[in-house]
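In the two assemblies presented below, chain A is common to both, partnered first by chain B and then by chain C.
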Partner chain A sequence: MTGHRGAILGLHLGVIGALAALYFVLPAYHVSNLARVMVLSVFAMGYNIAFGYTGLLSLGHALFFASGLYATGSLVQLAGWSAGPGLLAGIAAGALVALAVGLLALRTTGVAFMIVTLMFAQAGYLLILYFGPLTRGDEGYVIDRAARAVAGLDLSDDRTRYFAALALFALALAACLALVRSPTGRVLVAMRENAERSRMLGYDPFRYRLIGLVASGLLAGASGAAYGLMFGYVGATFASIQYSILPLLWVLLGGAGTVLGPFLGTLVMFYLVDLSSSVTTAYLMVVGLALLALVLFARKGLLGSLRERALPWLP
Partner chain B sequence: MAAVSLLSTRGLTRRFGGLTAVDGVDLDLGTGEIRALIGPNGAGKTTLVGLICGRIAPSAGTIRFEGRDITALPAHARVALGIAYTFQITAIYARLPVYDNVALAVQRRGAADLAAETLAALDRVGLADRAGQTAGTLAYGHQRLLEVAMGLALAPKLLILDEPTQGLADTEIETFKRLVREVARSATVLLIEHNMELVMDLADRITVLNFGEVLAEGTPAEIRADRAVQAAYLGA
Partner chain C sequence: MDFGPFLLLATMEGLVMAAVLALTAVGLSLVFGVMRVVNVAHGEFFMLGAVLAWFVTTSVPGPPALGFAAALVVCPLIVGGIAALADRAILKRLDYDPEATIVATIGLLYIFQQAALSLYGPDARPVQAPFDWRLQLPWFGYSGYKLAVVAAAILLLLGVRLLLVRSRIGLVMRATQYDRETATAFGIDVDRVYAGVFALGAALAAVAAVLIVPIQQAHYLMGGDPLLLSFIVVIIGGLGSLRGTVLAAVLIGLSDGIVSVFFSPTLAKILATLLVALVLVFRPQGLFGQRVA
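So, the complex of A and B:
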């Protein structure tokens, strides 16, 4: 539907504008945090395309994030590429690995799909450890400051990094918004809602799930590639199961199938961990309680519940 | 045999384990006709149309559509050729707006103005004023009409309706009858239906299935007079 276009545009531009303004009022510590949240929320947005819109519950998205991270990191730090082409290669790596995994894993659905994607991600993680002499495994490696300049912008500088993260975030947000409001986005949602019905409307479920997964992998790869350049570290932890579960939690918390939900979920989860770990070492218990409250009181996540109760036009 | 055969099946068979649900069916549908498919419960009607639209793979036999062999074609590709199927159990997207349900069909066949053509398709079944409503909150009869609207919006050459009037009130059946007659001006309709009054009134020809085989085929008058049909089905 074409209604509410003004409100939708205003809301998303408002969020981007507010994030730009926050740079000037927040202390340095929170500026750095927020840059991290913005980059990671691009990962979450990617996860949301697959899970929230297309209905693909993947447990292997760490593989796509790590593909971007390692492609960019290796090319820039080990092969001596400059950061610009390295970044693009990282984005492409996320999409290509998602394509390869999708061609095989999308022969399955439901629980089998979860297991197959989990296995692929574990294989990727073990591959990184196996090539330890090159990747330095768990320990990882640092990308030199000099190698982290994209088009003359030094991403190790706080201010540059913040606005580069914001630019990536804004671009990803615009891409998600355009996709989910497009005819293709409508078909992705149709696959989530009822794949058999969609098949009988003439849409090949395999093809559209693959489109959703590749778009998802592309964003995850972009997030990984940017993360490496902005924070200067590449390590196998980012390919571990933890980084497959995190985007799922971020999306569930913020609201699956909402455009701004992944960012909100990443932000809330980040500060939940940050604040509670400054009070207690049992911060995971606080996170657990928050997730329990979510399941009990707002099963559709923060924005999903808000959409249901008050703002039906929220994309 | 009709000179212009839109769809023809030869020896179409489907076995489920030891049960032969559809057994060597030869069916020819002429362009523009309304064909009813009747038969007792378990006669294989839904399986037969499932084979035709590609939801079920045949054990043996061939299906030709406009002269082309489509036996091996997947269901979504058959839709692109012009075969549309509406489900026996209402299968709308209950959590999406009525508009999106029909827009999915309209955009599949390609539309210059998606919004206008979607509303026009909704208007045909009298649901245009409910475009913004969540489909699952429609009354049951309206959900059935929405299901039909989705099939119609594909602008198919062959529209398969699987028990479309099940659970509809009499006034809604009248609306539905008008709709099918209007559709038949531009498409062939294959109708599975238990409402005999409706079948006799609407169908050009009737095919009777029993135990997966074609028991009889003919005009409504011929079928009414057929002794085998009376014994197997009409209970007279």
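So, the complex of A and C:
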């Protein structure tokens, strides 16, 4: 594994560098899109830690994204916090909610785990609607421009937003890379491959799955919190089941269990929907067909297939 | 209105809901029981049934009862056919792997929703009830059609039970559920059983939708609630247990009706979803199911 350290480092730094350079090349429309893709791909990376590495197929990750979004959004917009502490609170909210859900849901596995996470996420979504007078439900609310400055950086400005998104993306990418190459990361993969054998070797499945889920929730929460501050909108749609399905789709497309896969999947899917919307309004059809095609013909996704065929060292 | 009659009204509304829910959930439970497939697209089969009922009733001339009767027959057949096709083309190829089939049925969910949106449109459209006499109680009048829905659901559920327990088809289905390999060894065409069960499950959802559509309009997003509630019912009743499913449908339907009337529908749903999560965590065999040793 150590033999390819240079290639791995070069590849990931190269991606970050290329993204930084793209800002100066691309027109404004794509710059704004790319910032969105980078923030959302942090959500996908979080999902990938649970699904791709630890083997936990969750159908409730919208809950963690929305926890970050709503914690930051309500603290900043409704309680008058400044954006910096609000952002941190949002990240913590994602991790804490994941911890609470994990303590209960991880007592189940397989199909039951999917349904339990789905139900918790649905309960969270309904809670947001139930407190409609405060959260304004489906309609949502806008975070004031003045409240969106972190440490003097105005996140509503295009350039600041792009580089803030890139910084968050780079940080998340580095964290994922470090995690999956660490001993803990190896144990997470062992849980995915064969939980029973890992247990015999002395690793507690519950504990390691919980670690995986909390790390996953932390990244999802960070993505939600940053999304709220950068794009200034908080709404219940982000807690709906669709936002639990999307990260699954992105990760499957890019390649579950690859570090760069979630970003690639988010990017491709975003532009697939963007391009197809000029031809047809059937956005849902594109998502549905993509899911079917992936599960039927390319279970390993783009980078997973690439790793299998050509680049066995790809993390 | 006094509390007593009000409670009676809430109970009757709850019963109608329980009847439709029981039909839908039995379809989901059957598919899970025999095939071990969690069908996330089940709510969309319900929606397709309702939307098709609108097409059928508007295209059949004559009295509304005639069109409605046609819808009752035609819609489940079409939806069942679509389901059988989906099973053959997709689920079978995935070898019924639990995670892959969930992802695939999520894909189907989006495809059906988009198809309904594109072909039927975003509006909610009403379907006329086949008859409209009212039952006049001392405190309020009540729609006779709603009572007919309850009766029809009970008849259909009895029919499903007879099919499962008394017929050869039911025997083959139970044999496949019990042990797929041995069933194959005894010459049962398991692929055909699976396609049939998937079609039957979808057809039950479609029948439920045709029954409800004169009360609740047909809309392309109407599949969400039945899906969620069916999940809740199937889990609380015990996965794969038909009797438990029906009991749980009555319990959830009634309590949902009553809590919705006296408190808020959203609160009722929050409580139900949390209940399901906790049941799955602490009592995975369901409230009425037997623990499998």
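Going forward, the second predicted complex is superposed on the first by the 301 of 315 C-alpha atoms of A that agree within 3 Å, B and C clash if a C-alpha of one lies under 4 Å from a C-alpha of the other, contacts with A are read in each partner's own complex, and residues count from 1 in each chain.
The rule is short, and it goes like this: a residue touches a chain if its C-beta (ideal position, glycine included) is under 8 Å from a C-beta of that chain, and two chains touch if they have at least 3 such contacts.
Everything numeric in this text was worked out from a predicted model, so none of it was measured.
Undergrad: Kindly classify A:201 by the partners it touches after superposition: chain B alone (first), chain C alone (second), both, or neither?
TA: A:201 sits against chain B, while chain C stays out of touch.
Undergrad: Figure out whether A:18 sits in contact with chain B (first) or chain C (second), or with both, or with neither.
TA: Neither: A:18 stays clear of chain B and chain C.
Undergrad: Given the touch rule stated above, what does A:79 touch, chain B (first), chain C (second), both, or neither?
TA: neither
Undergrad: Is A:245 touching the first partner chain B, the second partner chain C, both, or neither of them?
TA: Touch status of A:245: second partner only.
Undergrad: Check the residue A:189 against both partner chains and state whether it touches chain B (first), chain C (second), both, or neither.
TA: Touch status of A:189: first partner only.
Undergrad: Which chain, chain B or chain C, is in touch with more residues of chain A?
TA: Between chain B and chain C, the winner on chain A residue contacts is C.
Undergrad: Answer with first, second, both or neither: which of chain B and chain C does A:105 touch in the superposed model?
TA: second
Undergrad: For the complex, which residues does chain A have touching chain C?
TA: 57, 59, 104-105, 107-108, 110-112, 114-116, 118-120, 122-123, 126-127, 129-130, 245, 248, 252, 282-285, 287-292, 294-296, 299
Undergrad: Along chain A, where are the residues that touch chain B in the complex?
TA: Residues 1-2, 183, 186-187, 189-190, 193-194, 196-205.
Undergrad: Looking at the complex, which residues from chain C come into contact with chain A?
TA: Contact set of chain C toward chain A: 38, 90, 93-94, 98-100, 102-104, 106-111, 113-115, 117-118, 228, 231-232, 235, 264, 266-267, 269-270, 273-274, 276-278, 280-282, 284.
Undergrad: Which positions of chain B touch chain A when the two form their complex?
TA: 53, 55, 74-77, 79-80, 84-85, 87, 91-97, 99-100, 103-105, 107-109, 114-115, 131-132, 150, 154
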